[in-house]
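By letter and in written order, the chains are A, B, C and D; residue numbering begins at 1 in each of them.
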Amino acid sequence: MSRDININVDYLTRVEGHGNIVVNVKEGRLETCRLDIVEAPRFFEGLLRGRSIFEAQHITSRICGICACAHSLASIQASEDALSITPSEQTVKLRKLLLHFETLDSHLLHIYLLASPDLLGVKSFIPLIDTHNQVVRRALRLKKTCNDMCSILAGRHVHPITATIGGFTKLPGKKDLDAILNMLEGMRPDIEATVEFVSTMRFPEFERDTEYVALVSDDNEYPLLTGDLGSTDGVRKGKREYRDVTNEFVVPHSSAKHTRLSRESYAVGSLARLNLSYDKLHPEAKEIASALGLKPKCINPYMNTAAQLVESVHCLEDAISTVEDLKNMGIDYDEEIVVGLNEQSRIPVKAGSGVGAVEAPRGTLYHNYEIDERGIIQHANCIIPTNQNLNNIERDMEKLVPEILDKSDEEITLYLEMLVRAYDPCISCSTHIVNVKFVNR
Amino acid sequence: MKRPKPKVAFFDFASCEGCQLQVANTGETLLDVLDVIDVVEFREIMSEKWDRELDIAIIEGSITDHHAEERLKQIRERSRILIAFGSCAAIGGVNGMKNNFDPDEIGKYVYGSDYHFFPTEKTRAVHQVVKVDYSVTGCPVYIPEFVEVLKAVLQGIPYYVPDYAVCVECKLNENVCMYEKRVGCLGPVTRAGCNSWCINNRNMCYGCRGIVSNPNEKGAKDVLSRYNIPLDLVLKKIDMYNKCREIKNE
Amino acid sequence: MKDSQYVILKKENFNGFITGLSKLHKLVAPVSKGYNNYSFEEVSSGKEIAIKYIPTILPPKKFFMPQQETLLEYDISKDLHTEAVVEPEEMVLFGVHTCDIAGIQCLNMVFSEHPKDYNYLTRRQRIKIIGLECNEYCDEHAVCCLMNTYMPDGGYDLFFTDLGDYFIVHINTRAGEEIIEAINLFENAEKSHLEELEKLREKKRTVFKKELPIELGSIPELFDRSFESKVWNDLDERCLACGNCTMVCPTCYCFDIKDEINLDLSTGKRYRVWDSCQLEPFARIAGGINFQKTRAGRQRHRYYRKFRYPVNKFSRFFCTGCGRCSRACMAGIRLKETLGALMESESREVNA
Amino acid sequence: MERVVLKESAYNIKKGKILSIKQMTENEKLFEIALEGGESLGHQPGQFVMVSLFGVGEAPISLSSSPVTGGSFELCIRAAGKVTNALHRLEAGAEVGIRGPFGKGFPVRALEGNDLLIIACGLGLAPLRSLIRYIFDNRGDFGKVHILFGCRSPGNILFIDELKDWNKRTDISFECTVDQVDCARPDWIRYVGLITTLIPRVQIEPERTFAVVVGPPVVYKYVIKELLSRNIPERQIFLSLERHMKCGLGKCGHCQIQGIYCCQDGPVFNYGEIKHLKEAF
């Protein structure tokens, strides 16, 4: 079949940030296939220079409002690494909790408000208010609960306030922990309903084998905040070697940087984590995974949405046991941090470099700072999950388009949009907008 | 009393989109809001698009390049009411920190020799480019304030961002003052309206809501020296959100 | 049951008293917030209470005139329908110092004066006050001796004085007596107990010294002569107009009235919220004229509202000497110093 | 928490229905309002009410009509901000909330039997019209009456039809001045210049003349100086002061001028009694 297709999705919607899909098929031959990022660059790494390391998490959380907690946590981790501070067990638990809340929030947002309209054949959740009112209410209720839990723990979800170098400025009281536990347990029925909802959805069948990258560990915990960097192709490196994993490189025919590891591209995110650490999922989550037909190594990128649901269950259950742990341990309020104490030089500052690697909802997020002996940032580098996925998305599109050439333009467009959305790309936070290609230059 | 629902669209410029997310985070209250307005475009969560006249345009983000300026002006032209939404839009916000650097230099730092593909200009707040009818400041926006502004818009009455210090709300909330902890807090010079969000969480105020109209700058400096807080540290902190203050409106 | 005006409560029964009382009523008492800061909060056991405390961040006025309180509810969906309301709460305040009791007495006068404020009065009716004696000074900011509020002088239902192993409790009202009766842990005060109380008071009279060399009675005249004093200009340079000094003052009662409508745009409420004369927009009118443009003028106004104007209107000072404004001011504007500076600048003028 | 309905609360409003609205100038409209059930407001000239729009707020507005009118009252309102602009958008038949009347009005009893020099600047005419109408209604109770009115330009003249009548009346003297001429000047306006330039032109017997002045804050200083130079005793000068007001009950503190509350102790003051108040002017 030879036909011309010209798809230009100007302003891809229901993703965080601005991206355009450009596909050009001439006489059945794929000429152009790319995802342009048109988000206005914000130069965060540039403007971090000269700022105190104690402001870094506050500033970098503003890279992205959707995964602000993950950015804060990656930033804090990098800063603590540079300052050689080891967080307490309590702090680690609370941070894990915060990340769980955000992952839940972000995944649920994606499943319900961003991905499900495609699967239900509407443009957005707005028409669903009439047709699927209970579903929309459930989605908003779940989201609100995640948000409220973040508020208790970190002041708010968007740009958390309490999480800081050394720990938390405000530790949850006994009543707060009870309230969180209550909310978590209260989410269970809605999550069950979500599982039911998702299992009625049919994800497009499309497969492309690729390399998956995520944090990995040797212990029994599903690694989200700690661990080494690992891949399904058998790579394993310490987090300080993150540059060897991300391998930002220049493509000869384009001025843009791509990332790759063992092959032409790699993917991060829920599916990657699941493919690498499936066994460490909470049993409940594993059950859901097998019910959804998800098992490693799953190479259908559309299934990322299902993987998010599985992780949601994991996060919920793990959060519940973490809160129970914290309640049993009892919170040590002496650990409360007075922020700004650096103004009084209470945390010893030294020159150094530190890396933070955190599993953000969308994949591995790296922050890396170099500071001088006054704690002033000299260099900063942040590598965002979406940046790492862009290359892989384009490769997927290249394989997908020829397979669906028999479909109408509208359908092709939808398939492509859905593909991009399945990665839940967070373009707004792409500090390195390295993926713009200028094919027709 | 049923009146036609105003057509509302959200637009984002240079920002983290967290303020839009704040709206989605309101839970079922969102449905109450959607009951009184007709959201016709909201790219973050909707595919619908709208290129006709608008009753209310809600602008998130700062203006950092020529394209953005043009796009914003077009939106202004077809919108009856324009709301600057969030600190990036209302006062320039964190993007203003870029103005500490030469645009070419910072471009080179981040993108290397390809920096010219990403032309950038001095960051400006929305009101520094077009007329703004309402401002919801804050990083992120404080949803109760947003709802208040929205109601003011629907009623056709003005909303004034409070012109007094965050300290007022901080005291109403009976927080221990950061100065008691010998920490420099920007509350005394920052506009209230956030219900002293950060200090309620035992952090300091970072000044994200903009500076009051008549700050006592000399007095504030004296206070810092009273508490032995390095002045440059705090001045820098003011820049974190308020750098665009330096740009004079044409 | 108890015929004498005084009873005692042994320290070992204190916890039982608090727990018992908290089961009967909402009970509010000073608790520590760290950094030598305290606040009145709901308690249910004795160990939560900071018996030795310096004035709380906010004075107990927050219970009589809450930071934000509804005045009127309305519904304009069909006809205009309004209802003036108050949402009072029964409660007992435990551990109120004499300066704060004086503050409540000031507010009582303001809100009972014509036109009466029924929101305040209705709340007032439902609150019982248990005072607690200060055996010594809180800190250097207090001027309670000068303002003559360091000894109990009515305005409470019960009054506790810590005398080591026990509290001696003065029963001042029928409501107070009911509390004593309901919680069966009090014993009759013996003569020796009363003697000990008298001894403490004697000692207090020697410890508490007028904090400034001026007679209370001459303060109004001092202010009459100080309207144009340079002292206010000095405050102008230092004050940040943050409003803290007025928010924390037990006798400041200025408020703003705001309307809040619900999203249905037809039901809502009108409420009042604490306001402060120190804030830039306080006296600004439409058209932009500001009748209190300068921080100097606003600071002067604050001091005159404590030491001069109410003396005419209510025949009492509206400073209770609690020292909160001085503690809350990050600019270090101290009431004692301001008064001292006024006295000094005046004596300089007289001598010149 | 208990919820108690307060029948006696001073924050209760009376329902008022707008009977008619008349555009007077670009920014000012005259509202005629009747209380529910025909209740009389029972005000004195110079008093004010708090006008409420629910969801918007309250604003203090002087009564413009003579108390003698009874069944309804009139408010002349300038669109200046939130509440007043919203009021301007209303149409006849709309309901508003009314609290009051509040404050001390003009000392009508003390004025009786004396000559009057009434000086109104701009919106100051709104409260003074109430007094003037009262005087017309009881003309025999007063001696000579001089009315001076000044405003920015002919386009800002309030109650223009009535002013034309006043100009024709023989039982009073009336002069009008404008600061500047921006459009056709009606022939009955004889002067261009500040209000103070009119004062030397009136013939008065100072000891039996009471001056009543209402205008924006800036004019008082100059007008009073002029009046004193005409030998009118301080205690025979009355003026009405504007302040930020929230409660109208002498509590909220916004309108305080040193020791006094403008809303309860004023807004009409005797100059002799408040001249020592530095914050008053």
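We adopt the following convention: a contact is a pair of C-beta atoms (placed from the backbone, for glycine too) under 8 Å apart; a residue touches a chain by one contact, two chains touch by 3 or more.
This structure is a prediction, so every number in the text was calculated from the model and none was measured.
**Q** Count the C-beta contact pairs for B-D and for A-B, then tell me which is higher.
**A** More contacting C-beta pairs are found at A-B.
**Q** Could you work out how far the Cα centre of chain B sits from that of chain D, in whole Å?
**A** Each chain's C-alpha centroid was found; their separation is 42 Å.
**Q** For chain A and chain B, let me know how many angstrom lie between their CA-based centres, rounded off.
**A** Chain A and chain B have C-alpha centres separated by 25 Å.
**Q** Would you mind pulling out the distance in Å between where the CA atoms of chain B average out and where those of chain C do?
**A** Between these chains, centre-to-centre, one finds 37 Å.
**Q** Taking each chain's centre as its mean C-alpha position, how far apart are chain C and chain D in Å?
**A** Using C-alpha averages as centres, the distance is 39 Å.
**Q** Quick check on chain D: which residues sit in contact with 2+ other chains?
**A** Residues 55-56, 81 of chain D touch two or more partner chains.
**Q** Among the residues of chain C, pick out those that touch two or more other chains and give their numbers.
**A** Residue numbers touching two or more other chains: 260-261, 265.
**Q** What parts of chain A, by residue number, touch at least two of the other chains?
**A** Within chain A, no residue contacts more than one other chain.
**Q** Using the contact definition from the top, classify how the chains connect: line, ring, star, complete or other.
**A** other
**Q** Which of the residues in chain D end up touching chain C in this complex?
**A** Interface residues on the chain D side: 1-13, 15, 52, 54-58, 80-81, 84, 95, 97, 216-217, 242-244, 246-247, 249-254, 256-259, 278-279.
**Q** Would you mind writing out the residues of chain C in touch with chain D in their complex?
**A** Counting only chain C, the residues touching chain D are 71-72, 74, 76, 79-80, 82-90, 110-111, 113, 115-119, 122, 227, 253-261, 265, 268, 270, 272, 275, 277, 282-287, 289, 291-292, 297, 301, 304-305, 308-309, 312-313.
**Q** What part of chain B is in contact with chain C in the complex they form?
**A** Spelled out, the residues of chain B in touch with chain C are 1, 32-33, 35-36, 147-148, 151, 154-155, 163-165, 167-168, 171-172, 174-177, 179-181, 187-189, 212-216, 218-220, 222-223, 226-227.
**Q** Can you name the residues of chain B that touch chain A in the complex?
**A** Within the complex, chain B contacts chain A at residues 12-22, 24-28, 30-31, 34, 39, 42-49, 61, 64-65, 67-68, 93-95, 97-98, 100-101, 105-107, 109-111, 114, 117-118, 120, 139-140, 178, 181-185, 197-198, 200-204, 206, 228-230, 233, 236-237, 240.
**Q** Chain B touches which residues of chain C in the complex?
**A** Counting only chain C, the residues touching chain B are 33-37, 39, 57-58, 62, 67-68, 77, 237-244, 247-248, 260-261, 263-266, 273-274, 276, 279-281, 295, 328, 330-332.
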